[in-house]
Each structure stands twice: as structure tokens, then as C-alpha cells.
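Okay, structure first, notes after.
When the chains are written out, they are named A, B and C in that same order, and each has its own residue count from 1.
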Amino acid sequence: MTQDESRTGTGREAREAAAERAAIAVRPDEFHHSEAGSGAREKVFELKGIDVRYSGVAAVKGISMDIHRKDVTALIGPSGCGKSTLLRCLNRMNDLIPNAEVQGELLYHGEDLYGPTVDPVQVRKLIGMVFQKPNPFPKSIYDNVAFGPRILGRKDDLDATVEHALRGAALWEEVKDRLEDNAFGLSGGQQQRLCIARCIAVEPDVILMDEPCSALDPISTGKIEDLMIALKDEFSIVIVTHNMQQAARVSDRTAFLMVELDADEQNRWGRLVEYDDTEKIFTNPADQRTEDYVSGKVG
Amino acid sequence: MAEPGSAAPRTRLATAGAKATTQAMLRDQPRRDVIRNTAFAGLLLLAVSIALAGLIALLVQAFIKGAPALSTDLITNPPSSIYPEKAGFRTAILGSLELIAGVILFVVPVGVGAAIYLEEYADKTRWWNRMIEVNIQNLAAVPSIIYGILGLAFIVRGPLDLGFILIAGSLTLALLVLPMVIIAAREAIRAVPDSIRQGSLALGATKWQTVRSQVLPASIPGIATGVILAVSRALGETAPLLLVGATVFVTFDPTPFSDYSALPVQIFNYAVQPQDEFQALAAAGIILMLVVLLAMNSFAIWLRNRYEQRW
Amino acid sequence: MVEHTRVQYQEELEQLEASALGGLDLVSAALSRTLEAIEHQDVELAQLVVADDDRIDGRYLEVHQSLIALLATQSPVATDLRLISALLHVLKNVERMGDQCVNVCKLIPLSGNEPPADKEMVKNILTMGNQSRTLINQAKRSFEDRNVEMARDLVRQDDVVDNLNRECFHLALAIGDDADKREWAMTMLLAARAIERIGDNAVDIGEQVAFVVTGLFREFEDASHPGG
């Protein structure tokens, strides 16, 4: 082999490697977004060109989507695609992170969630959140659930509120005889349902769930999934999950986010690739990248 | 494929070889390692013994010397510089108790408040907050005599001008242990995981509601432990009190606004008397103080073990 | 007490099974009408059966789509997976049986207004049809009850249909030299053949029952697969 040939050979390899990387990264101009059959649905959130930056570095860029009332909406995508970041925008939990900024328009029932007169504390009363790891307070089961109503000054008939919330979270039968026990004595799955009960007790409009089952065994996961399906009669639910099958099982609509790299591959951020009815995403996605991800070929 | 019969003996041989190797590996610890291990363990044991021996020597000496003077008179009788057989620690003990009460009253709100500010509210990217943090660490290491001078200059005289009264002593001791309390309280607050704060905030609680209802209750055992340890240090301090007017000889029960003495100061006073009887009295005072300090420290340890939250 | 999870998915699967097996009721009804149309040479009724086959096809498409969605979203395994696979087969059988009814009904106008019908042959075909309808109903019941014995019995029942079909052939051969009569007999042979296929489809459903219950797929012994 001559000198020249070997050089072209390596050149081709480099090109192929670059092409492979480009295939993994998202092409920004393409985005599949179907509103078919959902035009008349009431919208809870309208996201219009949302960018989130931490200390000036973008975590997600240009997210536009509508989230409908009393749907379970799932955000899926590989790690680092910004799905949790996006979720935390929705109840302004990102405010707690220094130097986090949200750009673009985020409407909640038509109101600008980041408007100058909006109090994030009030936002979080309406838009509750359940976290990845169960985080019960180091108090009794009762006090965990009663905490929300107490701080909101809803102290009338607290017992009934607590029972209603625990029933709503399918936990009442398991804990009704030990409401004064410390919440740390519950199993992981029970703790997570307690956290959901705690959230329900505030009577929010939306419940955000950030990988709520990632720390749980399959049976507990099944119970929480059933719970989500039951809860959507009353609440709108947005769930982030790294478990595609979970999104498939519980959600009505699924948004697929992907990591996008800039030209010199120094920066990476999340981009919405496809957002559609869950059934469509998992049977006949419009975008090849979605198909590759949900069928486990990349990610 | 080979016959099973021909393959089996070879497999058995291989297994036997592997077994022998494994046994050799498991049994043969190199001799050098054995010696090193033993030597090192011996050194560590020696270090522990020296520390223990010091403590035991102190206790034994105090008991031998102080035993004759141990009686309830020790607690109930006021001091005397003339009649060692009648002299006790009554006013000094009362003085110490009142001092400590004053320290607690001052140091808990200020110390916990400062800790909450630094942990929950202070923006750590600001230089002044970082400066405060560094200085609190440094203050904890400042010798107590410096606090005595500070108390003399600013509390007894100077801006506050309280005079040589018990409150002045309390405030001086409080300043001395304040950094300890702040550090302990900060650690206790920091030990409360962020997930608890987020859980509370996500329910629509304000920052203050979160701190008051979740963070503080969860950190109380840690804070209490720190306060007790700080107070037991204040109880044993002598040097600053000498500067801010703890007189050695108070024959009346002190009030917050009167002259006062304190247990260690009284012990110091008896110890410097030439008579043997007073030496015995001082030893008895040491026993008394050790008992109180050990009791307080034990309580702190018990508290920590009993209520410490495992996250 | 066993606590069940994924309740909604289980309910959905049960509903889909009911819908798929309900397709057999549609086929059974279509076959009844087809037989009536043959008996009375009723062209209009035959046209109705042809038009009505859209309902069977619709059921096929609808349940098929839902089953695919269930496969995609719920990742069923074990018995659920076998059930879904079997239901997809059953749907195909339903659709085929509906088409066979249509085939028969399309033959009826061809045989003319006043056909030179051979009474014995018509009677033979009607018996075949009724027997096939029994097969359809039995297939459905055996599926609902997960009854493998009942499903195996379908082979024996189907033998009756096969024998009648062969008899039709002999009757057609013996029908004589009249051209019209021979044409009619040929048409009726095609109808008999279609009805015989319906019986085979019912046996196929029985095989799916055995697959759901035992997890083993084996064609039942029949004329083409003698026992061994």
C-alpha cells in the first residue's frame, strides 16, 4: 500500500466516524410533532421555545410542546437529554439551583409561569412533585401527609384529608393502623406512595414525577404505575422515566428528547425529537431516531 | 467428541491441582506480613494505653487525695479560707450553674440562627459569606484567654460596661463557645438531606416553613449534642473567668447581677492554698467536676445515638 | 390475598379477547344467513351477507390494531404473550371464514333464478353448513374456557364436514348429463369446498387454544396429519 492510499484510508475512517457521531446527535431542523386527534384537548402547559441554561450553558434548547389536562405525559430519552431539567421547569424547582435560567414562553392554563408577579411558592402548591428517591419526612406517616395541608392553613378536618390522600395513593389499607409510626419504617414502594399521598393532600392540579420508580422493585413499580393510571382521572401527570416500557405502559402521550452536540462537540444539550400519542411512538414513530431509541438500538 | 470415560480422569486431575493451589494461597500468609501486622497493632495499643493511663492516674490521684473531703458538705457549704473542714463549693456550684444557664440562653438562639443563615440562606458565592465561614473556623481555635481579654474590654468595661457581674461572665463564656455551637449546628443542618428540603418546597412550603418544620426538627439532636459539648467546655473554663471578675471568694449565693465564683475557679483557689486540707478539698472539687462533665458528655453521646437520624 | 397490579392492562386484554372471539359470533351469523340464502335461493340475502362482511373485516382491523398497540406498550410475556399471539391467529381465521361466506354467497346468483337443484345435494350442503356453525361455536367456547379437550374434539367434528364434502363430490358426479344440472352441481361443489374450509379454520382456532393453555404448538391430527 502506498503512502497516498493509506492517507485516504484514514481520511475515510475519520469521515465515517464523524458521520456515526452525527447520526447519534440530533439534527435540529427536524422535529416531529403530531397534534392529530388532540386539537380540542384542554392544555395545562404550553411550552414555546423553552431554553434552560445553567450558568449560561444550555441544558435543553428550543422545547415546544403542549401538555394536556388529565393526561399522563411521559418524557423519555437517554441520560443527559435534559428531561429532568425540563420537568423541573414546570413547577419552578429550577429556581432553587443558583444560576439556572429559563428562556422562552411557558404558559400554565394560559398564564406565563415565569411572569414577574408569579410567586414560585404558589406555583408549587398547584404543581406538585414526586422525586426519584422516596423522600418522606422524618416524621410519622400522618404528619407526612398532614404537612402540606397544615402549611396551607387547611386544618379543618385534617384526619379526613389525610385519609382521603392515603386512599388516593392506595396506601390507606396498609397503614391505617399505624399512622403514628415513623414513615422510615415503610418499605421503599410504600414510602414512594406516601410521597404521592403527601402530594395529593395539597390538592394540586398537576403532579410531576421524576423517575418515581427507579429506586423500586418491579412489584412496587407496578403499584405506582397502576396508581398513575388511577390518578389521571383527577390530576394531570407528567412523568420523566428512563424506562421506556414504563412510558409505554402508563402514558397517553410521549415526548422523546435526545442529546444534541454542537459542531466541535464541546457542548451538549437536550432537544425534543418527537412528541405524539404513546401508541404512535411505540408502534409507528415518525422519526427514525425515535424508532432506534424505543427499539433499544441507540441511546 | 472424546469418550466421557477418557475425559473424566484428566478433569479430576485438573480439579485436584486447582484445589491444592487454592489451599496453598489461603494458608500461606507471608511471614513478613504477619510480623508487620502484629507490630503495628502493638503500637496502636500502646497509644491507647498512654491516653488511658493519664486519665486513670488523674482519677486515682484525685480520689486518693479527695476521698476524705467527699461529703454532702462539699455541695452545701459556702467556701472558707480559714476553716477547711467547713469549706465547700456551694456558691461556686451555684455560680457555675447560673453561668451555664446564661450561656445556653445566649448561645442557642444566636448559634443556631447563625448556622441556619450560613447553611440555608447565605449565598456561598459571595466573598463575605465565605469570609464569615473561614473566620468561624478560626475563632473556634482562639485560646480562651483572648476571650477573657475581649470580655474584659468590651463587656465588663467598654461599650457594655456591665461591671464584674455574673452576666458578664456568661456572655464571655458564650462568645467563647459560640463558634463550637455554630459549627456543630451547621453540621447537623447539613446532615439533613436536600431531598427533604426539596420535598417540602415542592409541596408549596416557603423557605422559612421548610426550615422551621423540616430542617430544624430533623437537626435538633445534632444541635443539642453540640450545645451540651460546648456547655461542658464552658463549665470547665477558668482563664477567661479570672479576667472578667470571677472572684475566688464569694460567701453568698450569687444572682445574675452580683459578684460570683465558679467551680473551676474555686478549685484553683483551694489548690493554691498551702494547707493539705485545702489540697484535699481541691481534689474533691475535681472529682465533683469530673462527675458533672462525664455525665454531661455521656448524655450528649446518648442523645446523639438515640435520636440521630439515619437517612 | 394476592394483590394484582397492572389492572387496566389486564382488563384491556380481556376486552380484546372478548372482541376477537365476538368475531366468531359475527361469522356464525353470516354462515346462518348464507345457508338460508342457499336453501331459498335468496339473492338479496346473499348480497346482504356480502355487504355485511365489512363488519367482520372492521372487527379484524380494529382488534388487530389494539393488539399491536398492547404488544408495543405493555410488553406482555408468558401466557399473555401466547394469548395475544393466538388472538392474532384467531382474528385471521375469523376474517378468512367471513370471506368464505362471501365466496359462497357470490355463487348463489350464478346458479340462476330457478336452478335445477338436486334436493339431496342441497340438503348435504346445509348439513355441512350447520355442522360448521357448530364447529365455530365450539371453537369459541373452548377458547373462552381454555378447554383443550373440547378443542381437540373439533377434529372429530370436522371429519363429519369432510365426509359430507366428499359425498357432495360423488353426488355431483352422479348428477347426469344435463348441462344446466352439471353447471349447478359444479357451483355447489365450490360452495361445499368453501364451507369445508370454514370447518378447517375452526380446527385451527382449536390448535390456538391448545397453544394458549400448554404453550406447545402442534397441529391436531386430522386427515392431512394422521396420528403418530
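Basically, a contact is a pair of C-beta atoms (placed from the backbone, for glycine too) under 8 Å apart; a residue touches a chain by one contact, two chains touch by 3 or more.
Just so you know, these numbers come straight off a predicted model, no measurement behind them.
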Have a look and report which chain pair racks up the highest count of C-beta pairs in contact. A-B
Where centres are the averaged C-alpha coordinates, which chain has the largest centre distance to chain C? B
Whose Cα centre is nearest the centre of all Cα atoms in view? A
Using mean CA coordinates as chain centres, what's the chain A-chain B distance in Å? 46
Chain-centre distance (mean CA atoms) for chain B and chain C, in whole Å, is 88
Under the touch definition given earlier, write down the residues of chain A that touch chain B in their complex. 91, 93, 96, 98, 121-122, 124-126, 128-129, 131, 133, 135-139, 147-148, 151-152, 184, 195, 198-199, 202
Going by the contact rule set out above, which residues of chain C touch chain A in the complex? 3, 5-9, 68-69, 72-75
Interface with chain C, chain A side, in the complex: residues 219, 222-223, 225-226, 229, 245, 248-249, 278-279, 282-283
Hey, which residues of chain B end up touching chain A in the complex? 123, 125, 193, 195-196, 198-206, 209, 213-214, 217-218, 309-310
